[in-house]
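Below are two complexes that have chain A in common, paired first with chain B and then with chain C.
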Partner chain A sequence: MRQILLVANKYRVPVFPRGGGTGLAAACMPTMSGIILSLERMNKISIDKDNLMAEAEAGATLGDLIKAADEAGLFFPLHPGDEGAHIGGLIACNAGGVRAIKTGVMRNYVKGIEVVLPTGEILILGGKLVKNNAGYDLMQLIIGSEGTLGVVTKAWIRLQPRPQASATIIIPFEDRRKALEFVPKIFQIGVFPLAIEYVEKELVDQTAKILGMSWPCKEGKYHLMLILAESSEEALLLECEKLMDLCEKVGVLEPIIAERREEQANILKIRSEIYSALKNELIDILDTTVPPAKMADLIESVNKLAKKYETYIPAFGHAGDGNLHLHLMRKEGWSKDDYDRLRDEIYEKTIQLGGTITGEHGIGYVRRECFKKFVDRKALELMKEIKKAFDPNNILNPDKIFI
Partner chain B sequence: MEIIVLIKQVPDIEKVRFDAEKGRIDRSSAPAETNPFDLNALEAAIQLKEKLGGSITVLSMGPKQAESSLRDALARGADKAILLTDGRFAGADTLATAYTLATAIKKLGRFDLIICGEKTVDGDTGQVGPEVAEFLGIPHVAYVSEIREVHQDKLLLISDMGDKYLVEVKLPALITVTKDLNTPRLPSLRDVLKARKKEIEVWNADALSDYGDLDGFGVKGSKTMVVKVVIPSEKGRKGIIFRGEDAAEKLLEVLRENRLVN
Partner chain C sequence: MRQILLVANKYRVPVFPRGGGTGLAAACMPTMSGIILSLERMNKISIDKDNLMAEAEAGATLGDLIKAADEAGLFFPLHPGDEGAHIGGLIACNAGGVRAIKTGVMRNYVKGIEVVLPTGEILILGGKLVKNNAGYDLMQLIIGSEGTLGVVTKAWIRLQPRPQASATIIIPFEDRRKALEFVPKIFQIGVFPLAIEYVEKELVDQTAKILGMSWPCKEGKYHLMLILAESSEEALLLECEKLMDLCEKVGVLEPIIAERREEQANILKIRSEIYSALKNELIDILDTTVPPAKMADLIESVNKLAKKYETYIPAFGHAGDGNLHLHLMRKEGWSKDDYDRLRDEIYEKTIQLGGTITGEHGIGYVRRECFKKFVDRKALELMKEIKKAFDPNNILNPDKIFI
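Now for the complex of A and B:
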């Protein structure tokens, strides 16, 4: 890897690092002639049970990591989606996904990386360390840099003990605002599920139908789907009791619960496949993120915009993280400008609410213009300086993040 | 309608590992859960109860931990749960199991219908249901994939034995059901929490002594025994790339060797 980057840097040949190709912002897309750097053969994983750490090469997949952890009796909680994603890509894009509430996103799990710089040096940053306070945290700078600062070749990733009991609960609501306002209340009673997903019944019913399945909750139009994972049956039961008390206090429709592995998997499957139900008519997926307690405000603004533009904006997302996936759907007679205008209005509202234009997908290639528009001037200037310091000849993943 | 549903707790069959040397299921390798077909049986019972009223009793034979499956059944809509547990029931083959269950049903008294799953995923025999019916001297219909008509004294059913048969059966009767019959509903969180506090009746062999012969239970009552269990080894997939001018011929050779073409 070092030799490749040395040669590329010498002859100014662009290098495009590529993981599983599962990102959603085209961060791995080559934009000019150059080298596509695939790390898929660097796929070893070993587990250090004593330190609760995985040592994974960049080309190992998320699926490999989950399996290796499971075989060692441990657990990698994060599930950003496609299990074909590579570890290198997950780190480069600081992946998030449905299970980020309890312990955060990719950058919260990565404790060390081995990275090859565009100028050919190999750096080891961090390690199997829980605490590390020596100088600037370059590792965190590289995590989420979307392959523009260095090529991650290996990582040390923190694992957790495997939960012994899990359940998926669906809480139905008649009112959308009430559903979203319920989320902070869950945290306030001290319940921290692995995931809290917001879905709309019409959409999950439609998805289930395509899959030949059925969404198990029949009541209400707006559903919160909670995944609880605890260290014992007793602990799980305690969390369930707290939740039931809260439901009764707030007054929701009748929550249902799945405890069997198969029944839980079916619910997650439908939730994960919503995209399939929409993709034929889909123009763009936004991953706008606001402070969790502002979700209701965001979705209300989005509804108003949908009315104003006379279009349909299906929404679902990681309610516990304030991360909402808004779908811009094809509309007869609309041009790119129309979609862009609607998108920008959503972004403006998001920023007003203290949010960000992307919670997990990143900037990559497709959000560069928006990023330029909404990022702080000085921050952008500093970011460009950082890029220059790492990659003076701009050979590594050019045309990404900045325009 | 008074309905009895027979359920069994089994290991999660997708996760369970086999101990090839001892020829046994390694039960510690997977969590226990209710046999999936039994959930279809319970759902059928709940739907009948919703239509006709009455009550549902779930009955299971197994170790103490099978209680969790009975609680799950109570949460899903059963009214009463009974666990048959005793060292003297252990090691039973299908015949002794059926005899024990039938004896317990005699003790329970009046019923209109017994519903079972078509089989359990750990044993895979599909024998216990029909054998229970034989011990009780009632008619039975296996592999029911549709309940077409429900009357006070009879049912009109579709039995799917590869070909579908339209069957009328007089009550009281026993049916075993397939997964096609329905989609089991999920319990409400409220009912799950309530079910944790409900009482489960536990009967041992002595509790059944007035209704059956103790020698018919467990190993003693079993007419068959497991001599050996052979666990087929898993074959992984293998990719071969044929290169060069004679690639097609080589491929054909391999396909012939494996009798995939003539």
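Now for the complex of A and C:
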């Protein structure tokens, strides 16, 4: 690895590190002649039960990590989508997913990395360390840098005790705003779910149909899907009770509670496959993120835009995080400019609401132009200086993030 | 603020940002002529219950934050020591504290900052955002940079639902290694404490005496102090039961369980004041951190060094984190060189065990020489490039971290 980068740096050959290829911002896409650096054969993974750490090579998959932790009686709390994603990629894009509200994102779990710099040096940053404050945190800088500052080859990832009981609950509402305003109330009564997802019934029904499955909640147009994970069955029951009391007080439609593992897996499967169901007609999946309490405002604004542009913008998202995935769908007769115009209007609204154009998918190749438009000048200048310090010849993933 | 930095930058005047002055690495100490920039009058704080966010100015204290969150029915999960610490300082040094195992450190809670750069620009990085992946994470870089990259003036800090019940448990052991080997077993049975502290009876008894209090556990020389915080009394009881079953299985001395708020506060008070009790005769408090399962090895090595150097090195630490605070005490006839020699030997052992010279206190002024000795050359070079990009004239806290 070191040799490849040394040679590439010497002869100024672009290098494109590639993990599982499951990212949604084309951060691993080779966009010019160069070397595609696949890490898939560096796939060892082992669990250190006494330090609660996984040691994983970059090419191990999310699925491998979840399985290895489980076999050791421990738990990797995140679930950032596709289980074929590689550890290196999860770190490169600081993956998030449905469980970020309670457990945080990838950068909260990575405690150490081995990284090969574009100039050929190998750095070990952190390690099996729960705390480390020795100078600037270069590891945190590399996490989320989308393969532009270094090639992560190995990582030490903190695991947690395994929750002993979980339930998936669907709460239906007739009114979208009422659904989203329910979210902070959950926290305020002291309940702390692993996930709170917002879905629209029409879209999940459509997805379920494609999968030959059935979404269990038949009422209401707007659904919150919650996952509760607790340390015991008794604790879970109590949290469910608190939640049901709140439902009654607020006045919602009839909630569905799934406790059997299979039932829960089916609901999660349908939720996870919404993207696949839309994929064929999809032009772009947006990753707009606003303060959670502004999510209803964002959806309403987007619906107005959909009317204005006479198009359909399916939406679902991580309601606890304010992370809304909006889908720009193929429209007969539209050119790139038409999609760009609509996207820009959505991004402007997002920024107005105190948000960001990407909460978890990153900039990659597809958002470079928008990023340039919306990022602060000075911040961009600093990022470019950092890129130059790490990669003076601009060989590593050279046309990502920046344009 | 901006004007001060613009003028200072123009005339190359050093600026020393100062928060509560509670840091333990002298990161805020003015070490040459210049401007001391106190942020204590920027102390507003407000809670946004719907977004679970505190908006705090840099000069608000940790105590203010805890109180404001509590009054809003929410919870700030960290407790990094002195409640007089300022928010700006907590961010500048990425504060940790006793609760890092379950809840993480400061960088896991800071979701947005307003920062004034040494060149006078004001950046807003992040916001009331649970997720943000828009380019390199400059905010994460600034967190832990000890006031050398920018002056944090405001922050958005994520709060959590309040745990409804807590207990403090002291488990005594006759054998140190047995005590520390008990720690991973706690996680393996699925119990996830808020804190696991390691103390030695002699030292806590001594501290309690100075405070006119009494440490409730009379047995054993080595104690683990655990805090459990759960969503309900019932859940707490079940976790306590699991823990007591483990105690019986492993064979420990008689544990003490404190459930009343006052009892718990007294135990925490004694634990928190160990540092104060030692302060008068203290030369240096170390902040060595190793993989948690290596903590017994580190303590044993340090005890050998204490014998070799014929001195006393009191120790306590965050057992769940592998973060051990070792105290170099005044010794008749010793010069700076003697203390330096001992410290270096401790640091060498720490690094051998896969550790770091500072887990939570940072480099500041006091650890600059050691940092230079133990940091990777290339990593240091990158840090210096970053410093140069942010602060081309080296005016901001100019002699901290780097030498």
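Worth a mention:
The definition used in the following text is that the second predicted complex is superposed on the first by the 403 of 403 C-alpha atoms of A that agree within 3 Å, B and C clash if a C-alpha of one lies under 4 Å from a C-alpha of the other, contacts with A are read in each partner's own complex, and residues count from 1 in each chain.
Operating definition for what follows: a contact is a pair of C-beta atoms (placed from the backbone, for glycine too) under 8 Å apart; a residue touches a chain by one contact, two chains touch by 3 or more.
Quantities reported herein were computed from a predicted structural model and do not represent experimental measurements.
Shared-chain residue A:Cys247: touches chain B; no touch with chain C. Contacts of A:Arg260 after superposition on the shared chain: chain B is touched, whereas chain C is not. In the superposition on chain A, A:Ser214 makes contact with chain B only, while chain C stays out of contact range.
Chain A uses no single residue to touch chain B in one structure and chain C in the other.
Taken together, the chain A residues at the contact with chain B in this complex read 169-170, 214, 216-217, 237, 240-241, 243-244, 247, 254-263. Interface of chain C with chain A (complex): residues 48-53, 73-74, 93-94, 96, 100-101, 104-105, 107-108, 117, 121, 123-138, 140-141, 143-145, 149, 160-164, 184, 187-192, 230-232, 234-235, 238-239, 287, 289-293, 318, 320-323, 354-363, 371, 374-376, 378-380, 382-383, 385-387, 389-390, 401. Residues 12, 14-15, 31, 33-34, 36, 72, 183, 185-190, 192-193, 196 of chain B touch chain A in their complex.
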